[in-house]
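See the structures that follow.
Here come two complexes built around chain A, the first alongside chain B, the second alongside chain C.
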Partner chain A sequence: MRTEIRSKLREVLMTSPSFLWLAALFALPTAFVFAIALRPANPFGGVGRGWTLDNLERLADPLYLDVVWRTLWISGLTTLICLSLAVPIGYVLARVSRKWRGICLMLIVIPFWTNFLIRVFAWKALLHPEGPVKRVLVGLGLAGPQTPLLYNPAAVILVSVYTFLPFTILPIYAAADKFDFQLLEAARDLGARPWRAFRTVFLPGIRRGLLTALLFVLIPSLGSYIIPDLVGGPNGEMLGNKIAQRVFVDRNLPEAGALSVVLILAVLAPLVVALFLERKKEKPEAILR
Partner chain B sequence: MRRSRFPFIVTVAALLFLYLPILVLVVNSFNASRFGGGWRGFSLVWYIRLFHEPAIWQAARTTLIIALSATAVSVILGTTAALALHRYSKSRLQRAHFALIYMPLVMPEILMGISLLMLFVSAGLPLGLGTIFLAHVTFCLSFVAMVVLARLQDFDESVIEASRDLGAGGWTTFRKIRLPLLWPGILAGGLLAFTLSVDDFVITFFVAGPGSTTLPIRIYSMIKHGSPPLINALSTILLVLTFAAVALSQRLSRPKTKEAA
Partner chain C sequence: MTPSAAGPAPPGGFLEFQNISKRFGTIQAVEGVSLEIRKGEIFSLLGPSGCGKTTMLRLAAGFEQPDAGRIILDGRDITDLPPNKRRINTIFQSYALFPHMTVRDNIAYGLRVAKKPKSEIEAEVEKMLHLVRMTDQAGKKPDQLSGGQKQRVAIARALINKPSVLLLDEPLAALDLKLRQRMLIELDLIHDEVGLTFLYVTHDQGEAMSLSDRIAVMEKGRIEQVGTPAEIYEAPRTSFVAAFIGDTNFLEGEVVDIQDGEYSRLRIEGLPEIVCFNDKTIRPGNSVFLSIRPEKVHISRDRPEESRLRNILPAKVEDVIYLGSMTKYWVRTGDHRIQALRQHARIFLDEKPIRWKDEVWIWWHGDDGFMLERYRERDESLIAAPPQNLEESPEDEDKG
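Let's look at the complex of A and B:
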């Protein structure tokens, strides 16, 4: 009995530094966002007294609804493109020789280690009206001299795919690595065409990796701020930009809080769905085992 | 069986896609032309200019001070967290603990930035180096804990038991067996924390206040209203430093004995 108490005490002692730190600087501030969203703003850029629903009502502004909608479709499209690129890449990585696999993984991870701002800036320079991409496209006749490559949603999607692609490839590769490729051959032997074998055997086989990859792109993409800020222009603004504008431009923390609540909900939705899917799928499998 | 070439083509194209912008940036840092429109000959002028920008060096110093202190604290907190999670993995407290450590990993940066800003403003804390430090420890902690935990889970626990059987006490076992085995994990976690801290822009931007400028904040204002060639040169220097750090971390995290591989 005494050793049990001592063991518990030691556990609490070991847990409390990180637990208390994160409770105070992660859990508490997140709760704060909800609280401040219900407070009025004061004219000095701070938070006033009393409670109000004004900030939440202001979200119904068509301007905000536009931004929310744009945030959703830009993130959705980015996720879709990332996944459809990452699946064939993950497949290749799982099938090539050990040596090549190591080299390829290294090559995929290295750009992710470079400063994020610099990667976005590099694209800004590439897509510049006098930049190399524009000249090649005009030279090929694929773009007119006036076609803008920067400051639109397409530029945001392009740079987002660039930024999040490594995060998608890694979990899909990890899942593909565990996949039994003999299953694919069996499907082919049984007469399935390549595409069908791929769709009905390979994709379900790497389901878990796909789900992780999806969350790894979708969530940060929903919260994107720098990418639309630097290459999006006014037509490419996302929720993150609106939050930053309320904070830095007109210093209205409660309204920024209300917008953040929307973002938190947008982020939580796919997470909860993913958790639910995992649970549902897990049970029958566990029984079979 | 004939395999489709398609996945292979996608992979090669994706690698080109990943490296094209970085390559252009590095090449342009040696370009004498101011706007990077065309090649005007090889030049080191932007690197020389960079050395005469005191603001950049000041920002680099601030970044380094914050990164080093945040790394030190987050390594300590993250390692104890991982040890607790590993040792008492079945307890209810650790499940809450794990959730608390895991959540910051999936939280978009901007939400973390704004929530910390709101906390600091409400608590009346003046924004500056102190608040940046607090924020950095908060997001580094989870990453360190995860890296160290992964290392702990790869452990051969029989080594620990052997040490106990041979009469070593808990503390001796920890110091002589567990810590040396854990060391690569702690180093890798620390290196990751350091890189994340040096790299972070969004969270820092929210909690920095007007006075304190880190390197990413400096780079951001240079992108917004500065000269592109200087950023190219600075980026190239940072790239070289990052590659060196990655190579180092690869060497550290690689298992020393062949049997582990």
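Let's look at the complex of A and C:
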């Protein structure tokens, strides 16, 4: 009995530093954001007294709804493109020889040596109406001289995919590396065509990696701010930009807080769904063990 | 074991390898191999690891393409068909069960891929679960099963497609001895029940012997010998087959003369003349290599009765290895070390046991020395002999 209490006490003591850290630096600020969202604004750019739902009600503005919707579909599409590129790349990486694998992983990681902001600026130069990409496309007849490559949602998606792709490749490669490729042979042996074997055996086999990759791209792209700010233009604005405008331009912290609440919930939703899916998968085994 | 129900087997092979070669980089895995496997038989490819047996199996399954040669199944050339188009299924060494599917889904996979109606799939899966006695485990995932159970699921999953040939890649290698023996009997029963052609790959000569109708012994990408287990064991053609299957003694000699047309007398260095059955066209003056199985060599303290076809030699015991049901004696006669196996029987209990350094007699019948067609010195290393010259080390002198 006494040892039980002691071990419980030790458990609490051991976890308390990280618990306090999380509480002070994550939970508390988040609670502040939620609280500020329920406060009125004051004309000096601060937070007023009393409580109000005005800020949340103002989010029903069609302007905001547009931005929320755009944030969701841009992030969704970015995630989809990233995953559909990362799965074949991860598969190939896990199957090529050790030498080529090293070279390819190097190539994937090298862009990180350059600052993220500079790389986004580089895209701005590339996609510029007088830039090389535009000229090549016009030269090939794939784009008209007036087709804009910059300052639209497509540019945001392109640069987002470029930015987040490594974060999706790595977890998928890690999962594929552990995958037993003889299972694919077994599926083919049992009569499955290559694509069917891939879909019914390989994809479920790297499920964990897929889920990690999905969260790695979906969450940061929902909160994306710099990319739409630099290459998005007014038609490519996302929630992050609106929050920044409320803070820096309007100096309306409560409304920025209300927008942040929406963003936090949008980020939490996929996390909760993912956690729930994992639990459901694990449960029958847990009971039997 | 004989496939009498399937009717007379067609002439030639059911599954044929014609002059198959396959190279991986600098390694010639299979070199000009031709084999004919008959319908309904259990055919084993037996050899040490790296001999090319697994490559042969992967070629048959369609996972590898041969560099040269054709593969024929039931009269049809299947060399260029992908694995999913071949009526051949494989049982993998690691079982390769799909970890995210239940036992039932694993077994149903082949039929689902073939888009069979649901009711048929259910009925077939139940039948298979029953065949491999896994009905009450059907809802489990592979990682909740024991090795033997996984094995049975793998068998059911492969059999449900009703393949023409079932390939088994060392299916028992991952199991412990007792389970292996039990699964071996089960495999045999399943074979009798479904009457399929089995192509069985193994490095375990015991498995191959007890299960197979015929065996092909492979070494370094080539076939050394094809035959029934008894042929392979009793009449090995090469020193490799003699030494890899079971145990043996090699003796090198020269034919002195031929007696009665059937027996030859051989001169072997350091030994008196040896009588040996000679069914080959070997003439006086030719050099030959003899293989004599240890259990054919008798050993006793008393000199046995003389007989015209009996080779009797005096020897000294150098090593005694107790094996449970038998004892192995390493004896020295002249310059040669010979191993002899003796079955334990009650009758010997009255006798004074043979011990280390005893002077004994060994003898074998002329029919039991078998002339090899081909001998390579490196095959001697397959025989596990204890270190030589024990008598010369000082500690041993003290013991004596």
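Worth a mention:
Here is the rule we use: the second predicted complex is superposed on the first by the 261 of 289 C-alpha atoms of A that agree within 3 Å, B and C clash if a C-alpha of one lies under 4 Å from a C-alpha of the other, contacts with A are read in each partner's own complex, and residues count from 1 in each chain.
As a convention for this text, a contact is a pair of C-beta atoms (placed from the backbone, for glycine too) under 8 Å apart; a residue touches a chain by one contact, two chains touch by 3 or more.
These numbers come from a predicted model, not from an experiment.
Once chain A of one complex is fitted onto chain A of the other, the partner contacts of A:R193 are limited to chain C, with no touch recorded for chain B.
Of the two partner chains, neither chain B nor chain C is touched by A:A174. Between chain B and chain C, B touches the greater number of residues of chain A. In the overlay built on the shared chain, the residue A:I89 is in contact with chain B alone; chain C does not reach it.
In the superposition on chain A, contact of A:R207 is made with chain C only, not with chain B. Legend: residue contacts after superposition of the two complexes on their common chain; A:E185 is shown touching both chain B and chain C. Once the two complexes are overlaid on the shared chain, A:G223 sits against chain B while remaining clear of chain C. Of the two partner chains, chain B is the only one that A:S18 touches; chain C does not reach it.
Touch criterion not met for A:L105: it reaches neither chain B nor chain C. Of the two partner chains, neither chain B nor chain C is touched by A:V138.
Overlap of the chain B and chain C interfaces on chain A: residues 185, 188. Put simply, chain A touches chain C in their complex at residues 180, 182-183, 185-193, 196, 200-201, 204-205, 207, 285, 288. Against chain B, in their complex, chain A makes its touches with residues 11-12, 14-15, 17-19, 21-23, 25-30, 32-33, 36, 46-47, 85, 88-89, 91-93, 104, 107-111, 113-119, 121-126, 128, 130-132, 162, 165-166, 169, 185, 188, 194, 215, 219-220, 222-226, 230, 240, 243-244, 247, 253, 256-257, 260, 263-264, 267, 271.
Those residues of chain C lying in contact with chain A across their complex are 61-63, 82-84, 88-90, 92, 94, 96-100, 109-110, 113-114, 140-141, 144, 157-158, 161. For chain B in complex with chain A, the residues that touch the partner chain are 1, 4, 6-8, 10-11, 14-15, 17-22, 24-25, 28, 35-37, 76-78, 80-81, 83-84, 87-88, 91, 93-94, 96-97, 100-101, 103-104, 106-112, 114-119, 121-122, 134-135, 137-138, 141-142, 145, 195, 199, 201-202, 206, 216, 219-220, 223, 228, 231-232, 235, 238-239, 242-243, 245-246.
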